[in-house]
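First the structure, in the form of structure tokens, and then the observations on it.
Lettered A, B, C and D in written order, each chain numbered from 1.
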């Protein structure tokens, strides 16, 4: 089995989940400047989650560039990953709600971080299974594949730590969430930008 | 007519239906730990339905790997199947609601099982029609196609039985629903895993 | 410009609009058998609209099999068509609501029929423009293209008449809507089924 | 990296955002002619936003016809653009709401214009980056690419001006929004229609 249709299906779920985020922001009954400003936590959560899902999509993209064949177990693990991604709009809504009412922010932000960290598990299992079952193509060496595996576990580990931090300092945790997303977006840019071909 | 655009369209509906499941879970007004825990039935229903739609998608995938040509009747039967799949978020919401308020669980879980079982009818009609009209490619023999047909009818038959069981013991029925989904996900893994190529 | 990406985009909108239909059906607070039965008008409207959008998709498919090149005006007309298709979930909700409360059914069903009839206008303009600008491929002759044009105008004309009928007899109009959809689904099946290749 | 999967993903988000617009229009409890007519501002906003997102999609299409290779930074900028596009249904709902209750129309229409103008920034950054990093293919010359850059900045500049106008005269601003969209749809039609090949 090639992975083409799996990728198309996953792209669909990513695209829908990322676009559904906006449905968590409700139009105020009376849209005054104050009412629109009051939704700051929703805008913040929208922005963070949008960049996050976009990032997971880009990483999924990169991972499946190396995976050449799929099997039933890979499909299953991928479905678990998508179940977590599609759940993010709900977690986003919960976090935004707690920030807005200024109550239970610890819980709301920890819940959000936990959902992200848990999503890292099937993501890593996909990679582990693809290596174990020799589903990778020749575009990546064994050494590089192992190095990526370490790298891939790092993300959920830091998110789990940040989710614990959220129980003490929710706003610091949000800062960590956002910083991580920006870092993971920007860092490969810097790496690939370095050896830019001379014109 | 090739089946390429039919598959793309179906993939779209599968991807959207699976992602819309999350909209059935409402962010609580006051997201306390208790309020989030109170949504357990929604999480359960979300998980079961997500794996179910993912499974139907994977099976649809396999079925259409064998179907080489499409005709108008196939399109029509496929639309009936999609109408059932797209209805699953509603059935999921109904089941989760009855479990949450601890009332009418018999009805809620039977309704859910019935929606799944009914979806098996167009699924099987597609296969029956493809065989009858010789729309299959050479990737499958007549004997295998007949064997698959028997296998494909088994699913809705068991689901119909489980839906009847739900009228007596809703939680047992849910356990059957979940067990069936896991079984159908895992069983082909074990079969294909057995003759794994020696390195 | 080829029409590939236009078709993909259109397929996306069709798939989403058809799947969003389910969001118009709300899970009852207390899902009793009576409450679920009370939603009969929503189920009816869901079924009719699902088959309708599926039909428009199939016809769009057929039409674009003949259109080889696209231009900016074709994109624009196609966007108008999609704006009508994406509006159908709302019209479906309005019709279902009036049937349910047993009030304003004339208006609700006429509104629904009008939305469908209006959608026929951009559909026909696409075909008219493609013929005028010679965007058609060699898969269809001028005579056949003109014959199809007549055929394509028939649909919205009958729907407009049925929408007028709805102002007098809403249930008769719904019967006409449903009958038309089934007819347009089934009729090409019978035509293509006739010259079935002998085995 | 080719831009194929980026385009597919973007097309998905465009298609979903454009179709979600309809969810901002709520079915009235009692759908009388008056109640349906009362939603005029929602219909207007729906129409304007539908044509707008369709237009951005078409322009995105054209832009990526010239971009041959993608890099991580391009993905990031594209994600920012999509975050704005996916936000349009909310901005549409806000504008429609203020028009409907005949209060805060200045704010509602300025907010809408600002969201559109802001979306122009990542759109232009994509083009700027593609030129700077020589990601363009040979289908466009440097001179034309620069000319397009000027042209691309014009849109958000006018929208920003119209958003300011909205603070004084909201209905005039809406007229400008709509006029611009129609102009940008129609203008390339006239240009490409001029040198129509003689039969």
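We adopt the following convention: contacts are C-beta pairs under 8 Å (C-beta built on N, C-alpha and C of every residue); 3 or more make two chains touch, one makes a residue touch a chain.
Everything quoted here is computed from the prediction, not taken from an experiment.
> With chain centres set to the mean of the C-alpha atoms, which chain is at the far end from subunit A?
Max centre-to-centre separation from subunit A belongs to C.
> Mind checking subunit A against subunit D and telling me if their interface is mostly the same residue numbers on each side, over half, or mostly different?
different
> Nearest whole angstrom, what separates the Cα centre of subunit A from the Cα centre of subunit C?
37
> Give, as an integer number of Å, the spacing between the C-alpha centres of subunit B and subunit A.
Once rounded, the distance between the two centres reads 26 Å.
> Subunit C: which residues touch two or more other chains?
8, 12, 16, 20, 23
> Just say which it is for the chain contacts: an open line, a closed ring, a star, complete, or other.
ring
> Would you tell me which residues of subunit A are touching subunit B in their complex?
5, 8-9, 12-13, 16-17, 20, 23-24, 71-73, 75-76, 79, 82-83, 86-87, 89-90, 93-94, 97-98, 101, 103-104, 107-108, 111, 133-134
> Quick one: in the complex, what on subunit B touches subunit A?
7-8, 11-12, 14-16, 18-23, 25, 27-33, 36, 46-47, 50-51, 54, 57-58, 61, 185-186, 188-189, 192-193, 196, 199
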